[in-house]
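Have a look at this one.
Chain naming follows the written order as A, B, C and D, and within any one chain the residues start at number 1.
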Amino acid sequence: MEPFYETLLREARALEPAMRARRRDFHTYAEPGWCEFRTASRIARELTDLGYRVLVGRDVCLEEARMGLPSPETLERQYRRALDQGAEPAFAEPMRGGFTGVAALLDCGEGPVVAMRFDIDALAVREAEGDGHRPSREGFCSVNDGVMHACGHDGHAAVGLAVARLLMARRAALRGRIKLIFQPAEEGVRGAASIAARGLLDDVDYILAGHMGDSAGTDAQIGFPTDATLATTKLDVCFRGQAAHAGLAPEAGRNALLAAATAVLNLHAIPRSGRGDSRVNVGSLRAGGGRNVVCERAAMELEVRGATTEVNDYLEAYARRVVRGAAAMHGCDCEVTVAGAAGSLESDPALRRRAEAVARDCLGLRVRETTFGASEDYAALVERVRGRGGRGLFFTALTPCAGPLHSPAFDFREEALPNAAALFCALAYSLQREGPV
Amino acid sequence: MEPFYETLLREARALEPAMRARRRDFHTYAEPGWCEFRTASRIARELTDLGYRVLVGRDVCLEEARMGLPSPETLERQYRRALDQGAEPAFAEPMRGGFTGVAALLDCGEGPVVAMRFDIDALAVREAEGDGHRPSREGFCSVNDGVMHACGHDGHAAVGLAVARLLMARRAALRGRIKLIFQPAEEGVRGAASIAARGLLDDVDYILAGHMGDSAGTDAQIGFPTDATLATTKLDVCFRGQAAHAGLAPEAGRNALLAAATAVLNLHAIPRSGRGDSRVNVGSLRAGGGRNVVCERAAMELEVRGATTEVNDYLEAYARRVVRGAAAMHGCDCEVTVAGAAGSLESDPALRRRAEAVARDCLGLRVRETTFGASEDYAALVERVRGRGGRGLFFTALTPCAGPLHSPAFDFREEALPNAAALFCALAYSLQREGPV
Amino acid sequence: MEPFYETLLREARALEPAMRARRRDFHTYAEPGWCEFRTASRIARELTDLGYRVLVGRDVCLEEARMGLPSPETLERQYRRALDQGAEPAFAEPMRGGFTGVAALLDCGEGPVVAMRFDIDALAVREAEGDGHRPSREGFCSVNDGVMHACGHDGHAAVGLAVARLLMARRAALRGRIKLIFQPAEEGVRGAASIAARGLLDDVDYILAGHMGDSAGTDAQIGFPTDATLATTKLDVCFRGQAAHAGLAPEAGRNALLAAATAVLNLHAIPRSGRGDSRVNVGSLRAGGGRNVVCERAAMELEVRGATTEVNDYLEAYARRVVRGAAAMHGCDCEVTVAGAAGSLESDPALRRRAEAVARDCLGLRVRETTFGASEDYAALVERVRGRGGRGLFFTALTPCAGPLHSPAFDFREEALPNAAALFCALAYSLQREGPV
Amino acid sequence: MEPFYETLLREARALEPAMRARRRDFHTYAEPGWCEFRTASRIARELTDLGYRVLVGRDVCLEEARMGLPSPETLERQYRRALDQGAEPAFAEPMRGGFTGVAALLDCGEGPVVAMRFDIDALAVREAEGDGHRPSREGFCSVNDGVMHACGHDGHAAVGLAVARLLMARRAALRGRIKLIFQPAEEGVRGAASIAARGLLDDVDYILAGHMGDSAGTDAQIGFPTDATLATTKLDVCFRGQAAHAGLAPEAGRNALLAAATAVLNLHAIPRSGRGDSRVNVGSLRAGGGRNVVCERAAMELEVRGATTEVNDYLEAYARRVVRGAAAMHGCDCEVTVAGAAGSLESDPALRRRAEAVARDCLGLRVRETTFGASEDYAALVERVRGRGGRGLFFTALTPCAGPLHSPAFDFREEALPNAAALFCALAYSLQREGPV
């Protein structure tokens, strides 16, 4: 192993206690998408202290390109809670109202621009309790009821900070620029588009991201997905009709629940595509009030997914037609809002080969091919970079995991974090010093 | 009993064998709506022989106001069968193509114009067999497979001919004009509108019609419905999509069956009205072809009904919206055709009181109040007459009936026919000689 | 006018200010069904002070026959609020947990037993604001957010207290027993059954109840409905399936929302009945959680209604079949709970004739026939009384009303209250002194 | 090229005119599945004349394992037509009633048993007309209205006869046995199971089949699909309810169309599977009769497909649940019949490598990898052979094709037929003489 890589891996592993501490801190104070005021402001403080040029707030996220925002009241309530729970006020203030992205820039002269994405938001999942769940047993369960890091983004954030520390220590060895992106609202694929649209990536040659993954009985440490993630669109639909007394004058109503029920069935019945895998799900429906009143309002949250962006587009267009038709049938209005969107994501093949070589040959990590299956907001960043001639990579940091992703019992082993941090750094070095892929 | 009425009733009863013979002839050669070439041409021949001025074909039915016509091929095939089965060629010829109405006019000088409506079509019902069914036992079952007089119109036609004979014999006693209308295509409420639109009734002061009805355990002979018939609209809907291979490229299709199934459920789910009784029925659906082909075409026959024309209009408008919305949802076209329509029908109260008095007091018949429940095409004629200041009456000729109306086992007793014929004549006489109501 | 009635009417009218004050107090502190702790305890206090033998709590409502109870948490929260808002602790305590009925008994010796029902609960309606709404203009709007007396039960309670006062003052003139029933949870037809089941009415000869009603442009003061109220059943349905990741493994889920949507459409599509008017309404549906999770749980509130108990039974049985079939289709369980039920209600014809005579001839009130249309929990009480040979009456106290019943703008004029109070008392007197009907 | 193969290919090509003549004869007299009386009896005659031991009728197809049979009337009508159109009576007679399989056996001593499957049925497609369609231009369009060889089975049958001739001429060079299977009713995957169940394949070591395919702009001659065909199940569903008059007594009916419409939507809404591609299609629905009658009967034809047999089983089980639930909801009965079924089909990898080598290296044909996509009844035969330790191969004979498979405009070039015939023979020789794969 070349000395640079050997030292890197050793130092990354020496950071494991620090990474564990940070990961557990983030886990304890889990924050949902667009509300990562505490998480993001503490990241911004640490990056600033490390010597990075740090951007936050509207300098990172373009206001009008944000999707799926909570209500202003929720944003404000979460902001105040974050301050109570230890947010850094100076950095949190410009994030107020849902601008919780952070970017850290490091200029090491002429050379390729390498960006890395670390997502930082938690999920609306109530964390498991009891001794069977390590965060509970070891005392770092989420204190924020109904919000949990059930997708490992607490680990991603900790890896990002370790990468920042390791790269700053090696700045003299680098050639080019480094951009560390700490992204809000990955869950629901809502946040990446606002970063892409802000233009921060328009000079990027390579963009890298990783995700915690289950080693599933193997001893592999790094995985490279061979499948594309599913393209997806998240839609919020609100049907509005007219209330009426269901006994005395049902004919005077316009029944939003009949419209919604028709939409639910027909959305799930959208014909499958011969051009690739597809998915439809209406995840929630909230409709009506009094039992004896014709339902006036029905709100649903749905998503479509496709193996390719083309398949996803087919589904989205069909879904919009279904929703409009169902509303029209029952004399209702309907409003459709995009609450999230991501294209299909595949690693650049050449970049992936380089990454495999670096992981296996330079760092001595155990590597395997995996599948990923779900959707990833990161697709929007890769698409932006690719559109300007750059390349993107997506890998997984593998450990034995407890519980499936997004479940209340999810947990991973923190030994995996140094491997991921080392790979990010090693790949940046390789790309800036060992030639383009 | 006044001698006029006494003689009338006696002579009507003397015609019972003739009425039975004609009724059984019509029953044997049952013809569906717009195809009554044999029935109507033989009626026209008899009316002519009796001395009436007789109109047939386009002189009775306005071409463009006919609804729910069979295909030209069916009309032609039925026309040829009618000739084979004894139609009168001279009268049938002008009826060719679905102009099977007959009107007989009698001018008795100054006085009120009294019209009577007799409907003559049969139903698409396969007649019962076996000794339990009198037409089978006594040998006058329909020879036309799948077509049956299951609504008593064979009786109505026989009554109409007896009325024609009785009135012609009494022409000297009458003052005014008589119009006997033999109407095609009452089933499906398809025929009356074309007669109304032709203008034949525009000078009519009183219009009368009757229907066979079940005396239901009573000994009543004549019934007067106290309820209104249901207003109704019959719609034919055709969804057209796009075929595609269901295995290889379902996304390339536009699925007419999904549109139709959505429409079926939502049509039946049209909210009830607080303003009066309502009905919806999709009676038939024919959709698709190959099992592995996305359905390209779906045709449905439906009807709506309402206690009032207003309720019926609410349903029709809603049904049209449902159908359009269902088509739009799945990218299909849809075509909606009115195949029949009738308003709500109620007898004029004053005319009804006169009719009750004539039936009970002048003719000595046993009278009772009844309900009718269903829809009646006759409503279009009454509406036309009423719109010009006239009055309409609807009554039932009661007998013990076998089987419900429209069932394969339906039958009535021919003893009831003379009562109906006598009442028609007596009422005409009363209205022309005993003063207006 | 007989002196007894004349004095009665005058004294009833003299109580108008007291009735207005109480009505406005109840209106201000509106309480939903089973939570009328303040209203009922203050009624119990006043009845006790008047000298009645008063029953409350489990002595009035049979625990297991109560329907549609709020959660224990809600009951407790509402109980505490009632204490804060001036409930009478001694009477409220036995009502804790949802036993908010009150009965007042007066024994005047041998003679018929006359019961009267006054319902006291409010609705989950947010009251209108602004000068156009009299309660707002005159300062007695509900202070309990989202709960409003939008059905006039505040007036019914005030009438009941005036009746109690008037009858106690006339106890010497009465012969028999008086039972005043102050009923909780009439809205949703949830409360009467528990009173009937408790057996309080099993010796009753006559039961009387009234409802505020709109005089609708006439000057009538008392109305007697000629139609039956609609029989009704209220059902809560909960579908339980299995959650799964909608992207990775939708086939592993059991989709409760597909079951619910199927049920919604098919419930509304239950065929109309030819035997009488019917209604179906799914008033609310709450389903699912995360957008990308197969929906695990869907809860709906629905009601059916029928012109007769037979029609209602047809609908309820069909609805249960729909719900079970929809669940089975998607591998879900479903639980159906009766949250309310009432039969069809018609006044006893003879008792109604007596009441009309008393109102018009003895009290000199302007009387008319009306229709009522909706459902009434009182039906359960009348059914119990009728089942033991007694008779029931339902009338309306008419005034010009603002807004339809159950709307945020509903209001009535308090001048109508004395008329109702006088009619209750006059009828009790008539029944006990002027012979049976 | 080895002399055996060189001669074989030359002689196969010399048979092209004969193959073209036969293919066009079969094309002209296209017969649907289970009705191939003319086609099969003429094949049996020719095979007998060539010297094969020939089995037909019940010796080939196990009666009770046949699926999706036409009605006895249709079978008889088609049988008579076949006799009129030149069927061989002696061979057709044992096929009467739908036993239209033919097997030809050749025993060449010790060695592997090699079976080949040729399917012979046509489709319910109305053939295109006009000069743009070669069969029309060159005068061999189907004379049987509404039936067309739109899937190339006319070519398969012609190839099979050429193979029979070529192998008989080389019998001395072979070692082992040859079984040529001419299979009925491949369309709808209805026929293979009856041949498998008959036991004819239970000693087979290798089974081979091919299909015409589009070279799609390439110059390839033989294709080897890399994907598995979709497993599939074809279901016929009949809902039976109760008719009733839709105006007078809709509550007396049990509406089979409501059940069917609910099933259609929910079938298409069966959740996609994360375990592989899936398909659902309700291809046809025939429901109801009179517009004003509650629908009594609804018959639908549907299919499900899955990337694997497991996925297909998931869909079939779900579909059965949907159908039962929909029937139960509306008080209907339902009957579900399997009208066809096939598992997923993949060539044995080793056998495929041998076939590629033989095609490319021994015969000099241009070979490529392709995808197939649809379902194939042949899967049942391969499964049977594999279950006893044998191996199966599926390849495509590529030519430029007009129109997609199953379309009225489908056509292929007959130059492809000799290649397919040569490959069958060459592979049989290789397997019997050059060692096992």
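Just so we're on the same page, a contact is a pair of C-beta atoms (placed from the backbone, for glycine too) under 8 Å apart; a residue touches a chain by one contact, two chains touch by 3 or more.
These numbers come from a predicted model, not from an experiment.
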Touching subunit C and subunit D alike: which chains? A, B
Give the label of the chain whose average Cα location is farthest from that of subunit C. D
Write down the chain pair with more C-beta contact pairs when A-B is set against A-C. A-C
So the centre of each chain is just the mean of its C-alpha atoms; given that, what is the distance between subunit B and subunit C in Å? 48
Subunit A to subunit C, mean C-alpha position gap in Å, rounds to 52
Mean-CA-position distance for subunit B and subunit A (Å): 68
Residues touching two or more other chains, restricted to subunit D: which are they? 245, 247-248, 250, 255, 258, 262, 265-266, 268-269, 271-272, 274, 279, 294, 373
Residues of subunit D touching subunit B in their complex? 123-124, 188, 230, 232, 234, 245-248, 250, 255, 257-258, 260-262, 264-265, 268, 279, 281-295, 298, 301-303, 305, 339, 373-375, 404-406
Contact set on subunit A toward subunit D in their complex: 265-266, 268-269, 271-272, 274, 277-280, 373
Note: in the complex, subunit A contacts subunit B through residues 245, 247-253, 255, 258, 262, 265-266, 269, 271-275, 294, 311, 314, 321-322, 324-331
